[in-house]
Structures are given as structure tokens and as C-alpha cells.
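Each of the next two complexes has chain A plus one other chain: chain B in the first, chain C in the second.
For the complex of A and B:
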């Protein structure tokens, strides 16, 4: 190929929006989507539910991103960034959905009017206004613990999104349908690593078992419905997380046994503290960093 | 890696050299299994490895802003970009492997400082404007350097570079678009962009390497069609391309001698401080130690992961055999 042709190809590439990575274009996430709430659905509940699921994705994305430039292999740099990007895309859609039904908490009082809802929610809420689970906010630990957590989080989320494709809210159903193939890959990727590490060397087995033992107690608060989830399940919008228990437990048990790891006793379900806005000091540190630039320049547009 | 012994006479090396020279002269590609002079092979491995290392080390300065990107859209753009750089590193290490090199060995050489990477990545990223300026100036300079490599005489390198250049051009556009947005923002944002341009302009010009009369490897690389234009020619091309972009953006490039030469239609620019370049190249830049330390930690702290993956693969290959 001659140089001039390459320059031309680059010129053409500049017009090729299709070549941009997903979610990096110029439109807002829900641009052009009908965001009317179907009759019989409480918008406040719907928004609160979208925040729970959006915050789960945003916080786990931030944790996975902490691996970028520090991963064991270049292939893993690409894979973890890929999972992070998928989750970030889901978070943007879900936060935008919450904003579209007017659930913005105090963020709108703090954020400049020109800042889109997704950013007002991500950057201008305080820690106690976040609604994610304790599973996603826990620090990464080593690579073994990271992939065990990714396996658990993606098994739970995949089980949920699979069912949410039938949600009575068409926007939520569409977001779920988009997420299913993404989560299928994340769960598969994490499962393959758990197999390699559990059944690899004595050291990797020991480390990964320690990761399992650290992650397991965090599963306790994933399976008890909040009042919002209970009401929305009755309205055909949400899924009662208790329904996910068997599928998630079966998947995790299967992978751990194949990986020659010991499956700890299943924790007793308890009401979620994270969904009620109670978080660890580690989460405050994570959020402070995430919000640092945006809050330093509250009047700026990016 | 050794080729199977074929039951036919090995052609005389002089004949092989003639065939190689004819391929280069005809502007055709050398492919992995073709005969090539040892100097060509070694020079290419050095150049491709240095390029691959630059992609991987280059993830760090921008990667430092991944967790603090100021909007979710900017976070997505930056994460996709840093991911692309890891991908570029992968293609390039693979191209080097077609010449008989080994990725793990090249990584060791990077960490032991036996091979170099682009010095530009030894400067710190102090504000979010640096993310935009790296896209605009650093990726812009990289594109000037790399587009001619799409015609490199070595086929796998040339093909890898076509894809790399396309992606780099998105990155440059994204960087410029960030800067345009910031220039339309607050006074503080505009000041941030100007301050960043002030810091990155001269190091960007240094990315083209030493002046032609002080570039030890250039002549042979040009003769072999591995390199297509001289350092000074590419640098001039970059300046000519960038000055009008700076005007549109509304920033001042920090060079009082920068002026259009009405006779040539090209921009004259002031002298470059090559002593700074040599200091950074010698390992005394602001972030050399930090960059290598992170690469070393990624390798050493996670060595148990790689060992486990290898042990698992061996175990299961043995079972299925």
C-alpha cells in the first residue's frame, strides 16, 4: 500500500463512525430512545432500581480498571479493560434511565445544568447515596481474588439480566438484552481463570482458595429483596433476587469443584447494607478518586 | 525455532543476498520465511520491540487518569484508547516473534533497560488536559512517524502498522476534540490546555529522534526500506501540520521563533534542546524509574498467575494426549 493511499484511508476512517469503540461516540446514552414510563409503574421505584444496577456496574468497572497497566499478561490488559468498558456502558444507560424518570437525588443541586444526568449521578452524589452491593466495592485483592469476585458478580448479574429482558419497562428490558452477551463473556472469562488458578500450581490453588474465602461472605446480601425490588417485582418490572439463588449457587459450585477448590458453606441471606447506602471506607476512597477531577471543576464541561 | 531440513541444496548466500536486494529494490515485501541478512533481522527486531515497548509503557501516563476521568463518556474513550494500546503492543510483539524473537524475553529486556521505548512517555501527566494533548501532539507525531512504516519492507510489520495507524488516527481526533471542548469551557480549562501544550510541545518534536546528521542507525534503515523518511523531514511535516491546528484551537505554541517561511511555505522553528533529550534517553527523565518499576511489578507480582496458567495447560494437554 502506498503512503498516499494510507493517508487517504486515514481520512476516510475519520468519517467512519462505525469504527468507534462502543460508548465513545458523541451522543448521550439514551439519545433517541422513548423514555416514557408504562402505566402502573412508579417512576421513583424504577429510578431507584436502575441506580442499584447502574452503581453495581460503575463500581465494578472502577475496580477492574485498577488492573489496567498492572495485569499479569497483555491479553489480560485487553480482557479486563473490555469487561470494564462493557460495565461502564451498562452503567451509563442505567444512570441515564434513572435520570430520565427524575431520580437524581441531591446530585442535581450540586451539578451544573450542562452536566448530563449520567454524570450528575456518577460524580455529584455522596457515598451514602450510592446503592451498589458490598460484593462489587470490596478491594480487588490479588488476581485470584479478582477473578473469583468477577465470576460471582457476573454470574449474579447474568442471571438477573437474562430475566430482566422480560421487564415491563421496555428501556430496562433493552438494556438487559444488550448486557446478556457481555455478561456471558465476563462469566466465561472469569470461570476459565478460576479453573486455571485453582487447578494450576500449589501456590495458585492456595491464593485462589483464599480469594474464594474472602469473597463468599459478600454473597450474603445479594439475594434479599429491598422494598423497591419487592414492589417492582409485583409490577413485572424487576426480579426478586431470591429467585437467582439456585442458578448462581449452581454455577459457582460447578466451577469451584472443577477447579479443585473447596466450596464454602452458602452464607445466610441478609438484607443488603449496600443497597441501603451503607458502604466501607474503601468505597469512599474509590469514589473520592473517581469524582476528583469533576468536583475540582464543577462548572466545567468535558 | 529451527526450520525443517529440506532435502535439497541450500542456495549460495550470494544468490540469496541478490534475491533479497532485488525484492527491496522492487519495493516488494520480505516475509517471515524469506532469507534475510542477519543485520536486517536484528535491526527490525530492535525497532519493532522498541515500538511495542512504547505502546505498553505509553499506557501508563494516560492510564493514570482512567480512575479520575471527569465524565463517564471521557472514561469510556480513555479506557478504549488504553486498551487499543495494549492491542498495538500485542500485534507488534507478534510481528517481532515472526523474526524469531520471544515476547517474554523482549519484556525482560525492557525491564532490564537493555531495550528502549519512546522517551516521551517518561514525562508525567499532571492534568486532564494532558490526555487531550497526548492525543493531539504525541499521537499526531506518532502518526507522522508511523504512516511511512505501513510501507516498511517487512510484510508483518507493514500490515500491523496499517491497523495501528487507523486506530491512532481515532485517538488523535478524540484528543483534539477533548481540547476543543475544554477551550469552549471555563477560563481554568483554557489555562489548563495552554499549560499542557507548553509542557508537551518540545518533547513532541523530540519524538522524531536526533537530527539527521546525528542519527546513527538511519542510513542503513533507509537503504533497507525499513525507514522511509529522515527524522528532520518527518519533524518538519509534523510542524507544518500542527501549527494551523493550534490556531484553530486557540493555543500558542511555546516557540517565539516559529514563523511561516514565505518562500518554502513551511514553518521555521527554534532550536531543540537536545541535552534534555539525551538526559531522558539516558534514563534521567522525570518518570523513567516509575514506568519501569510498574512493568516490573506487573511481571513479578503476577508471575504466579503465568506459572499457574502454564501448569494448567501442561496438565490438561497431558490428559487429552
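For the complex of A and C:
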């Protein structure tokens, strides 16, 4: 049972009023979900944590979609875009969760009232208000480096979300449980590419090893808890990322060894600059592109 | 009435066949409909919501509230037997059993996918996976080694 076009159906459902043009206003991902914060959980901390994990997904999605029209083969272009789409969905849910507990910062002042929370957070925060890790914002490099980064990022995120299924926040637990099978596909897909390229031709081996050497230092800031994570771990909401170290290192080491690649020394963990809002010039460029149309035409509708 | 609404991207299936329609009930004169997304990023949720609201309005129900439920997460095991037959008739191989969820770390799968699927064109079981990702997040691309036709496979999650 459909309208003539998707647009007519959406338009009808919203009483013929125009839709916020650049985001997702017609489809709030948490519509109808009970977003009450359980007792004993600090809403500001919960929101900050959801921002962190949502920003990781949003920024990696944006990097992956840069491969569209550039990937080595059509199937791979579709695959990377699909991984990006899953991450975008996770980002939307997490940013909506952050918005539902009132963590909007200055984005709410910059965005007009008709723009949903998740979009205000994605389009109307400045670079220093983003809380993602340095791993996801680094430029793609070549295809070898991209699949190494995807392997590392999805191994970390899968290990985390698999544990967050037990979070005391039922919304976060549900978002995590949905993400686990998605990330399992992403991690396995990236791992098979690393195997194929690492154990491939001398040229593919050389370039994948260069990708490993470029990505490894970025792992240093993934395993040290921020103050928010420490407090939320004690409250049963979050997971201390230090707890993920062995699992992630084992997965990465296994794949690299099977791919005949040299495993660099594990970097010394350090506090994350990205989680504190310090980002590279490359990230500013990426974000400017992501936000350009929404900021140029605020509150435009179609 | 809600059970007649079809999926925007798999129009041979109703939302009920797909297992996306979780509940329909009357709450003080409001029709409350619960749906669950297949994948976190499923872009069809907005259209599903709009189609449900419109179908129920046309059927004379003025107050309709479509709610999202995230938990338990959707699984391909929720696709009905009728839904599986309709998928195959529509040229899309239905999913096998979803992976069993164990506690502890998710095992790495480095070899080629062990999934199998029967060709929806000729019925041969001799098929191979071309890519784990296809035109929508929920499908993989396969090819039949017998009739050589490519086809899509709704992948198990």
C-alpha cells in the first residue's frame, strides 16, 4: 500500500508541511521509544558518552562514503557504502539518545527549532565540539590503509558494543545489540581484504603494510577511559575501554599474522585528544563538507 | 489493515511477513502500531511509518501512533514462512537460520562465507557469493553456477 511516490507518502504523513531538507526530520529514530533515564545515571554523562560513540560512527561513515565512485571495484563501493550506512544508523540513534537527555550544547542555539536534535548535533556543532577518536577522522589513504583502519575501528567497536548490550541504560543497550551483527559483517569483510592484500602481490603487501604502519599509532588513544567513561563504568552504563585491549589486540594480531604482515609494537595507551575535542585540520575540512549545505540554507524545506 | 502494508524495498512482502510489524493495539481510541528496524541505518523506516499511518487513516482510524521498538533486535528468523516463499518467488533467496548468539567475544570469520543459498531461478544449490553487500543493507549478491544468473540473498542476521 503505497502513495504514488515516496515523497507523497512522507508529505501526506506530515500534513503537507515541507520536510527539513538536509536531515531526517520525518523519521526520528527514537520515536515512541521510552527514553526515561534510569535512576542513578547522570544524564549529562550519558549524553556525553552517546556523543562520543555517535561521533565515532558519523565520522567513519563520512570517510567510508568518500570511496563512492573511487573504490577499486563496484561491489566494493557498494560494500563500503553499506558499512557507512549501518554506521550512520548507529550515529543517528546515539545522537538522538544524546539529544533526548538534553546534551545539545551550542548546536541547539545555532539550529532552528524545527531541526531535530540528531541533525542539530550533526550539522550545527563546530569541530572542537566533536568527541570522536583520532582513528576515525584520519584521511583514508589508499585502499589498503582504508581496510586496515576499517578492521581496527570495527574490531574495537564490536568488542565495545558486544559488552554494552548489558548497559544499565536500556536505550543504549538496545542500540548496542542492534549494532553487533552489523559490525560483525564489517570486521569480517575488512579482515578478508587485509588477508587478500597482505598475502597478495609484493605491491599489495607493501601498501597494506604501509597502511598498518600508518594506522597503528592511532590505536594509542582508544584504550584510556575519559572521566565520563570512568564514572559511567562505575554506574554500570559504560565499559572501560582498557577492558577491550586484549580482545582487540588478539583479533588484529591474528589477522595480520595470517596476512603475512609485520605486527608493529602495540602503542602505549594515552588519553584521547579527539575525545577532548582536539582534531586535525583534515577533520575540519571533512566536517565543512558534511555541514556546508545545511549551514548555507538553514531550515530549508522540500 | 496494518498487516496489508508492504515493505518499501521488498514490495512482495508485507511488514508483517518481514517481522518488522511487532504489535497493533487499541489504546483509548488510538491505534498504536509498533515497528522495529531491520538494520540501524535502514532508510525505509520513514516510509514504512508514513505508509502505515496513511493506510490506517484511509481505513477510518483517525488517531494513529507508530512507535519504534529497538529491543529485541530484529532477526531474519522473524520472516514468516509465507514471507520466505514470496521472497523466492520474487527472485530473492530467503535467509537461512540466523547465527546463534553466544556469550563472549564474537568469533572472527576469515574464510569465505559459509552461507549457502538456493538459486531462485533454477533451484540449484550450487551457488557462490559475489559480495556480502548489495543494493540494500540486508542483502548479499550471489551467482548460480548452473544457470549463471546473478541473484540477491537476504542475509542472515
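Some notes on this structure:
One rule holds for everything that comes next: the second predicted complex is superposed on the first by the 274 of 302 C-alpha atoms of A that agree within 3 Å, B and C clash if a C-alpha of one lies under 4 Å from a C-alpha of the other, contacts with A are read in each partner's own complex, and residues count from 1 in each chain.
Methods note: contacts are C-beta pairs under 8 Å (C-beta built on N, C-alpha and C of every residue); 3 or more make two chains touch, one makes a residue touch a chain.
All values derive from a computational prediction rather than experimental measurement.
Once the two complexes are laid over each other on the shared chain, residue contacts for A:195 go to chain B and to chain C alike. When the shared chain is aligned, chain B and chain C each come close enough to touch A:78. By the touch criterion defined above, A:265 reaches neither chain B nor chain C.
Shared-chain residue A:109: touches no atom of chain B or chain C.
By the touch criterion stated above, A:33 is placed in contact with chain C alone, chain B being left untouched. In the superposed pair of complexes, A:203 makes contact with chain B only, with no contact to chain C. With both structures placed on the common chain, the touch criterion links A:93 to chain C but leaves chain B unconnected.
In the superposition on chain A, the residues of chain A touched by chain B in one structure and by chain C in the other are 1-3, 6, 9-10, 13, 24, 75, 78, 81-82, 85, 88-89, 92, 195. Residues of chain A that touch chain C in their complex: 1-3, 6, 9-10, 12-13, 24, 26-27, 29-33, 75-76, 78-79, 81-83, 85-90, 92-93, 158-159, 162, 170-171, 173-175, 177-182, 184-185, 187-189, 191-192, 195, 247, 251, 254-255, 258.
By the touch rule above, chain A contacts chain B in their complex via residues 1-3, 6-7, 9-10, 13-14, 19-21, 23-24, 58, 62, 65-66, 68-75, 77-78, 81-82, 84-85, 88-89, 91-92, 95, 115-116, 118-119, 122-123, 143-144, 195-197, 199-201, 203-204, 207, 289-290, 292-294, 297, 299-302.
Looking at the complex, you find that chain C touches chain A at residues 4-6, 8, 11, 34, 37, 39-43, 45-47, 49-51, 53-55, 65-74, 99, 105-106, 108-110, 112, 130-135, 137, 141, 155, 157. Across the complex, chain A is touched by residues 56, 59-60, 63, 65-77, 79-80, 82-84, 86-87, 89-90, 93, 128, 143, 147-148, 150-151, 158, 162, 165-166, 169-170, 173-174, 178, 181-182, 184-186, 188-189, 228, 294, 297-298, 301-302, 304-309, 311-313, 315 of chain B.
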